[in-house]
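Chain naming follows the written order as A, B and C, and within any one chain the residues start at number 1.
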């Protein structure tokens, strides 16, 4: 193999790595450059007192607070719904399911993980409209519908990370408790789950990040342009990613555009925190690449 | 009593698993039920082969199929060489510390929200494309595909790296013993051994690319016609769902977006089938 | 012991006083003007549809929610078609439209129409574009795709980038009917989702042309003089500018309760002042 050929391959490889890295840093730098200057308490809370706003004593009718609050409530709700079901399903997959059933269930989870989020949004929308027409005339596309749809979206991450974390526990650890007379369930609850906790937690943290960033699901199921801080599960709400999308296409003036940059920075920071946490917990991170948006 | 508790807890585990699997089936069921009128009259075939012109009573999604195909495939094609280069760097060429650094950057990039890529795309990429190529409005197939390439590259790269890292150490040592260099290791040992991961990474990225909504919606211009070249405006299936979203539930517009949803569901199921085929030998090993 | 508790309680007490004072201030503001009618009300008003309406709706909602925190008003876009259908389906309380609902729609859903402003639809270009006026004929040729270069109507030698709205848009319907005279808009046109997005897109594209609600025109875009008539408030009012339309809020059946009060508010002097401040023509 001639020297110049090897050299070309190596240079190409380094160029790819450097190019992509600089693109990412350039994007982040650009957002910081345009957005950091406009970040302020006033931008978030406008003229309302911080404490009044956080305690919901007063409506914040401008600024980013309604969108931030909406995103936080949404994430808590959907992760709250998805975690118990997902972890339980993951335990079933790792410890009880065998053979054909396991194959079939795994196939469905893989499909669920790969269905585009807009299709899940469409599902949530049609489900709520159908229920509105038939059984629950008081049900509209709303916070609760979005939370349920997002829960469906992140279920496969939680299931898979739980399953893989449990399956990677070595046989030697598995047999100790049963040898001492523990039941199968006791072994799972008191030995295996604590051992797998970092992997499970990693999956949950990634699910949180995924809920916080998703736009396609919520734009069909209840996110609106204006709502204030919503006080009901059954009403529309504002959310950060939808706000960013909305501003990017229709900012009215430079001030609103600045809010868009600031909102992007805040969302980026929220996702970075969750991603950093799961990075520290380590195990879950790389599955993000496989079960990402 | 204790056995009863144990039984019921185990039942909860199983119930959760079936509930979750049921969600995937339920979505398909909903798409089919809402789209049923189309199947009954056999209209689905005319819908996927005709144009979108509601004013003339035509609700076909052919332009959107073409738009998705154009944007997703261009995005994936652009990211393939980039991902190969980056994966080779992380797994083979870079010194340990640099390898870890690049790996962290690519992992971090998978965590950046899509809407932020779109936001940056609107304000940086679209004006650049408009002025650089001096054609169109900058909102076009190329802009969306370029941003999509940035979105799927980390995923594809990480997948490739996983494949490259599986190469048995003894094979690499054999290359060393024969006096081969690292480029030869890559080309003659690592790449041939990682073909499953290479096809897998590309399939995964293709699935991700066809399902992306935000980048296409924000950057592709959304004109509902078949794009003739990369600098023309186009609309994807996903963007079509977002644009027509809330129409009347018996109207042909609404049925048309259900067909879009069905197409997307079928495509993603197809990618899953391909991926599972590729993974099958590893899974058997794992068990 | 005493000093510690004072140290803790003083700031808390100060904050209490502050927030109480703020509440009083807000209450005092509330006791003036037409917003009074929302006193003691409670509940949610859901609004969706026409995107031309959004700035006015937002301002009204802000004032009402500031005066009475027990009221929640949510506003979504989607376009006139979406507004009419969603209110018809009962998914929202008020469905806005930038066109009059058709007789079939009114009959099918039992709609009640409330027109609270007069508006126009105007073709807009980037302020950097030297073309400042256009004939109706050329406008139709541009949007139907016959004229594709600005040079052909006396502009620079550059391509024309078309922007249009999705099918749910009332603005599109009005433009299609009154400015295009029902001539088909070229399918190559970029599609945007709202009046705000149209303005932003044309403001960012030096070779672009689109159409927006007159109320949305500001210095970031130039409203073309059409056949010698500028799309000004006077010209729309006296009927000289032909591409005009009403802004409607629609309800299913006769509105009651909070929804009725919201619509009543739109017709009060304060409501109509908001309408005028946002560049639309009040009806009262």
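The definition used in the following text is that a residue touches a chain if its C-beta (ideal position, glycine included) is under 8 Å from a C-beta of that chain, and two chains touch if they have at least 3 such contacts.
Predicted, not measured: the structure shown is a model, and the values here were computed from it.
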Query raised in the report: What chains do chain B and chain C have as common neighbours?
Result: A
Report task. Could you tell me which chain lies farthest from chain B when each chain's centre is the average position of its Cα atoms? Result -> C
Query raised in the report: Higher C-beta contact count, A-C or A-B?
Result: A-B
Query - Rounded Å distance, chain B centre to chain C centre (Cα mean) - result: 36
**Report entry** Centre distance in Å when chain A and chain C are each reduced to the mean of their C-alpha atoms
**Finding:** 33
Query raised in the report: What whole-number Å value describes the gap between the mean CA coordinates of chain A and chain B?
Result: 17
Query raised in the report: Hey, what residues on chain C touch two or more of the other chains?
Result: 48, 89, 192-193, 201
Query raised in the report: On chain B, where are the residues touching two or more other chains?
Result: 245-246, 249
Query - Shared interface positions of chain A, touching two or more other chains - result: 129, 133, 249
Query raised in the report: What residues of chain B sit close enough to touch chain C in their complex?
Result: 51, 53-55, 126-127, 130, 135-139, 221-225, 232-233, 235, 243-249, 251, 253
Report summary line: Contacts from chain C onto chain B in the complex sit at residues 48, 78, 81-82, 85-86, 88-89, 159, 161, 163, 166-168, 184, 187-193, 201, 204-205, 207-208
Query raised in the report: Can you list the chain C residues touching chain A in their complex?
Result: 15, 18-19, 22-23, 26, 44, 46, 48, 54-55, 57-58, 61-62, 65-66, 69, 72-77, 89-92, 192-197, 199-201, 218
**Report entry** Touching residues on chain A, where the partner in the complex is chain C
**Finding:** 49, 51-52, 57-59, 61-62, 129, 132-133, 137, 140-141, 224-228, 230-232, 235-237, 249-253
**Report entry** Contacting residues of chain A [partner chain B, same complex]
**Finding:** 1, 5-6, 9-10, 12-17, 19-21, 23-24, 27, 30-31, 84-86, 88-89, 91-93, 95-97, 104-105, 107-112, 114-123, 125-127, 129, 133, 152, 155-156, 159, 167, 183-185, 209, 212-213, 215-216, 219-220, 241, 244-245, 248-249, 260, 264, 267-268, 271-272, 274-275, 279, 285-286, 288-290, 292-293
